[in-house]
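Both complexes shown next keep chain A, but they swap its partner, so chain B is in the first and chain C is in the second.
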Partner chain A sequence: MQTTPSTPDTDLQADNLRRAAIDKSVKVPVLFLFTNGAFWLMLSTILGVLAAIKLVEPEFLGNCQYISYGRLQPAHINALVYGWGVQAALGVMLWIMARRSGQELKSGKSLLLVAAIFWNITITFGILAVVMGKSTSIEWLEMPKFVWPILLGCFLCYAWPIVRMFGRAFRPEGFMVSTWYILGACFWFPWIFITANVALHCLPGLGALGAGIDAWYIHGVIMLFFVPVGVGAAYYFIPKITGQPIASAQLASAGFWTLAILGGWTGMQKYMGGPLPAWMTSIGAATGVLLLIPVGLVGLNHHLTTLGKHSAAASSPTLRFVFFGALFYPVSGVVLALNSAFWTGASLQFTQSWYAFQMVSVYGFFSMCVFGAIYYIVPRLSGCEWLSVRLIRNHFWFSVYGVGTIVIMSLVAGWQQGADLNDPEHWDQTFMNHVVNSRAYVVSRAVAWALISFSNLMFLIHLLLMVLGLGRRSSAPTLLHHDHDETALPNGAHA
Partner chain B sequence: MSASAHPDSTDLDRLHSAVKREKADLAPESQPTPMWAMFLFFLFAIIAGSQLGFYTGGWSFDVSNPFTVINGGGDPRPGGSGAGAALDPFALAMKKGASGYAVCGGCHQGNGGGLPGQFPPLAGSEWVSGGTERLIRITQHGLVGAISVKGQGYNTPGGMQPFGAAMSSQDLANVLTYVRNSWGNEATMITKEMVQKVRDEEKRATQWTEADLKPFADKNVPGEIPAGPGATAAPAAAAAPAAK
Partner chain C sequence: MTNFRTFILGLTAAFGLPWLCLIVLPAMQYQQLIPVAYDKDKDGVEGIYPPAPINAQGQLVYVREGCNQCHTQMIRPQQLGLDGWYKGWGQDQQGRPTAPVRPNVLRDYLSEKYALLGVQRVGPELANYGWRAPDEAALYQHLYSPRSVHDWSTMPAYTQLFKVQKIQGPVSTDALKLPKKFAVAAGYEVVPTLEAKQLVQYLQSLKKDYPIPGQSAAVAAAPAKK
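Moving on, here comes the complex of A and B:
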């Protein structure tokens, strides 16, 4: 029995207890968000398959208006962005901020739960309305007008305790590296969401500018919400699992501030050459390319941190997902730059390559980082270990192949569509020929969404078993791979 | 904190092992940034900066064409700001017709010279540069029997098949315009509307003979000739809408 409280051993035990208490305080809202998010993701991927099939074969499953491409595609994207994306992001933000700040969630747990329930009910009605034909036809904001104040309120219910935790935290050196991204996401999402919704729903007669604002909104949500949450999670989990400190505090700082400054300027280049003042699209294009700098800074930092530690990704599920996500961050930056710059954008404008950007950033980068976070967080909240290595492996590989296929195929399709449209040889061709020519790519998209759909079925089942407390009762983590080379970390070190 | 500073063994037993095996949060290091990364970021900034400049349209709210400063707001697509040249219907028809001629070239030869005794020539042929109505009818419905071209007699077994019927009006019009303006031929272009007009009027299922075609020898299908030899629309009038 220890009698002197200041021995290192006792300190460690007290620290363990404190972390366990923090986990317990956020357990209910975080698990609720993850579980519901996984359900929406499942739905979104199935809708993704259906929408892609309907684009090639409009008669598929009959000529019913409720399942036409024009309604399935927005339902698919909205389920992905609001059902899965924002919801899972809030869970990860709450947990990381609580852990990193060392603050328990003291009060308002029931408010958080109510907010999460309202979020899900609202999206259910919103997406049903889209399918019933009540869409607003504004990309990424297709759900009817009434949803946005409710969603905003629910988001703020979560943002407030996260910001408060940040404010009350003791801040050791390096505290900011992941938390400032999460803090930023708390402020940026409401800003973008309010601006876009007020402008598009409340201001009359915007004309062409409305389309520009919508494009700005989509890029804003990606660059200033999904990206910060993904990067914040990667910055938290990579050193936590590899045991390797982040390589450079200066790069981390520069990467954050350049993103903060540049993130909100891009988007309108979608309408380059269109009926918007030329300087608006010009600034969007310049920023779209300039964003390669924050993207490159973060990529470089992760590269320097993990140099020589890549073998750990073979055994730790969390690290494997986060590594892959972090790898796709620079890829999404390059796709954005290609879409944005005038030379390449002239061909890629209004083609499938814009879908490539949305999917590489929302699924390839953000979702993969969040999957990694979930594989780390859930065992700590549910008190049991992940059941099956095979389910995790399936989830990983089918997701990787699926999203890789979508991104590559959409980029190639975009280039072909754009080059054909710009080619004087084709100017007397009917537009339908271009649509028919891109069919093969849309078929591959359907196949890719089917792979992702399968991978998320694995994930959903696994997560439900964990949440129900049916996981493995063991003190050893579920690892993908038994260590057999000396460069890998000791067995118990990562999970 | 709800955790006590002096944990007893019961607390520790209850603690989930996942929490116990965690690593401590680490402070970041200060490794130097590689030089090549700096150069790369400069390169990104230069490429990004080049999206500004000319393309901003002078920061005016009234300019939406990003090419205003460079070429005065013309059409920037491939083909240049003189998009009128690329869009000239006659030039376009000649270009398209050249590839469409592959169907004809098998018999009439690539140089339009034909083969003596079998396939009549197109170059210098009065059948080609004469009335447009007769030419359209031949390609649309085919031709059979003996025929005299440039004073020579020809008689192909089976005659010429109705190749034009398988083409769209636009494609057929392009090929005919090409034939009428190649190898030294020069005649008015044939438009899609002219071909369509003949198609609507004549629905015969059999090939023509030389005698059948006599009435159409010098008849031209009425219709606007947008460009090329004998254009009915003045070039200035045609260019006017583009310049607006």
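Moving on, here comes the complex of A and C:
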């Protein structure tokens, strides 16, 4: 698919008709996933506020067992990861793959819808179970074990048509870049998910090795699912909107394969110095730092692609979100490296910097890219344009400042916690210094989540209006206009 | 990469290797891991290592409440942290430890289905909490009302593990003796439920620094206190 048609009007029209047909074929499942994902995101951010408050003031809203920190925090993370993250990712993956491969979704639309409904019902029960006291305390897999076969089945219902589209696509030169990542995500997630769940729920018990596998699972889902979807979306939308081809095919290829090769090794460094055999944590730490290579390659490629086109980010909402998401990718790589390397990891281990890593990769990077994708995709599916520039702009700024605050504060708090813990003066002290010193950071986290909740409320309302078909009836896309650059975007950019 | 099959093969190979080396083979090897016997001559003690399993019923309560969100159960070696030098974080409860508490090994968690190594260390480390745990009454009070012990505590009060009941006849033997500020209404008493008792037994059973057979004979030779 080319961004600038080289042939006369009839071809352009045929092209547009073909695109419209593809959009129409995936409309129902994709919009369903986005809408439900936005609801879960809303819930997750509210739970994030509550959990942060409970960490400072455990008596907030009373000593009710259902909202103690130990139950709220897993519910918050699970809602973010499975309710929003995977769900929204599936929508983006399906749409990009359909568009990129030029294939309509031929059959199985109702199956996709049923799978999406089941996904949501299962997660609802799973998170309720965590709050009601059925948590497994296995990080990111806190939901009871009945949920995982259902989630896996639902995921495969989506992965199959995506892989089929890829297989059937006509592949001209330069086809692969974003589809590689999406195919990779389709392929890795079930593998990681099955491995972790079978190991932790079905095998007779792996003791401390189980904890290592869990840490590997979390890093795997981030590095081999959320990251590929985010990078795939960035590789799709940045060239499409700026009208620039991807700067370097070699960089793109190298960035992909180094991620594929290194991604599976990292994770167990979370328990460095622990009961796991030392080679496991060491290799995790080494790859955690080495992952700076794919991160840097992709970052460099995006930088070269957008060079001189930065002003386009001022007017296109999609580009603005994707652009900042892509900026957060190197940041998440650096946070991972800081947590992994022994000389910083020793201080940051078991502190809030762990939370910083999860949030910068799942929210700062992945979610921002997906927001950008949603701002692009939804108008094409619902047939109307976004209503309000102000809502988009607020969503953007509150998200950026919110997630930036969370990441920076959690990192600094992590450093502080590590310093308190490793202060020789504290050898015979209670944890008072530790608790009191980190309090301010958690308060700022609560405030930041509140800002993000506010931005997500606007996003949710905006999205709901669009899905209901109440958007602007116009052929011109909603752009965040700036006075000085009316011509920043090429005309074909919003086809 | 023009060929679909080559591409998939590449993905499989790239991920399959770490999957095999980090997960599958270690998991298979772990199944062979069994308790070992101490050698009386070398280790100075008799019996099987690890000697005592944790209280599994109480661990269920710990899991359910998500205690591992804030409490770790893993002592790190000296080069990574000062865990081993903290007062009372091992068997030795007196003053400044003469030698650091040993870091944990795989066998310490042998009896557990899933080792609760912990997410963050917001509260104190608990791997060897059994040695420094106060008496049961104090533990119950800590679980029921953490702020009656430390006013700065951010630990949730697990009131659901306790029952507030009207005093009928003499006060129950296991009723909590709370400070005035935290006490319940006159004529009522707070008693631990079965779950609270199990949780406390679990916390008391957390002793993961038993000497390792063939290693640290000096520590093994030290007299056990409890």
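Everything below uses one rule, namely that the second predicted complex is superposed on the first by the 476 of 495 C-alpha atoms of A that agree within 3 Å, B and C clash if a C-alpha of one lies under 4 Å from a C-alpha of the other, contacts with A are read in each partner's own complex, and residues count from 1 in each chain.
The rule we apply is simple: contacts are C-beta pairs under 8 Å (C-beta built on N, C-alpha and C of every residue); 3 or more make two chains touch, one makes a residue touch a chain.
All figures in this text were calculated on a predicted structure; none of them were measured in a lab.
> Between chain B and chain C, whom does A:Phe342 touch in the aligned arrangement: first, second, both, or neither?
both
> So, does A:Ser455 touch the first partner chain B, the second partner chain C, both, or neither?
So A:Ser455 meets neither chain B nor chain C here.
> Answer with first, second, both or neither: which of chain B and chain C does A:Ser315 touch in the superposed model?
A:Ser315: touches no partner chain.
> Return first, second, both or neither, reflecting whether A:Asn422 touches chain B, chain C, both chains, or no partner chain.
The answer is both, since A:Asn422 touches chain B and chain C.
> Of the partners chain B and chain C, which touch A:Gly273 in the superposed model: first, second, both, neither?
Touch partners of A:Gly273: chain B and chain C.
> Look at A:Asn120 in the shared chain and tell me whether it touches chain B only, chain C only, both, or neither; answer first, second, both or neither.
Neither chain B nor chain C is touched by A:Asn120.
> Determine, under the contact definition given at the top, whether A:Ala14 touches first (chain B), second (chain C), both, or neither.
first
> For A:Ile283 in the superposed arrangement: first (chain B), second (chain C), both or neither?
A:Ile283: touches chain B and chain C.
> Determine, under the contact definition given at the top, whether A:Lys240 touches first (chain B), second (chain C), both, or neither.
The answer is first: A:Lys240 touches chain B but not chain C.
> List the residues of chain A that touch chain B in one complex and chain C in the other.
Residues 272-277, 283, 342, 422-424, 427-428 of chain A touch both chain B and chain C.
> Quick one: which bits of chain C touch chain A in the complex? Just the residue numbers, please.
1-2, 4, 7-8, 10-11, 14-15, 17-19, 22-23, 26-27, 30-31, 62-70, 72, 74, 76-77, 79-82, 85-87, 95-96, 103-106, 108-124, 146-147, 150, 152-160
> What does chain A use to touch chain B in their complex?
Touching chain B: residues 5, 10, 13-14, 16-21, 23, 100, 104, 172-174, 177, 239-241, 243-252, 272-279, 281-283, 285-290, 292-293, 296-297, 300, 304, 337, 340-342, 379-380, 383, 385, 422-425, 427-428, 474-477, 492-493, 495 of chain A.
> Give every residue of chain A touching chain C within the complex, in rising order.
Chain A reaches chain C through residues 54-59, 63, 65, 68-71, 73-74, 133-139, 142, 166-167, 171, 176, 180, 183-184, 187-188, 191, 195, 199-200, 203-211, 213-214, 216, 224, 253, 257, 260-261, 263-265, 268, 271-277, 280, 283, 342, 346, 349-352, 354-355, 417, 421-424, 426-428, 430-432, 434-436, 438-439.
> For a test of understanding, state which residues of chain B touch chain A in their complex under the given definition.
Those in contact with chain A are residues 1-7, 11-12, 15-23, 25-34, 37, 40-41, 44-45, 47-49, 51-52, 55-57, 59-66, 68, 76-79, 86-87, 92, 95-96, 170.
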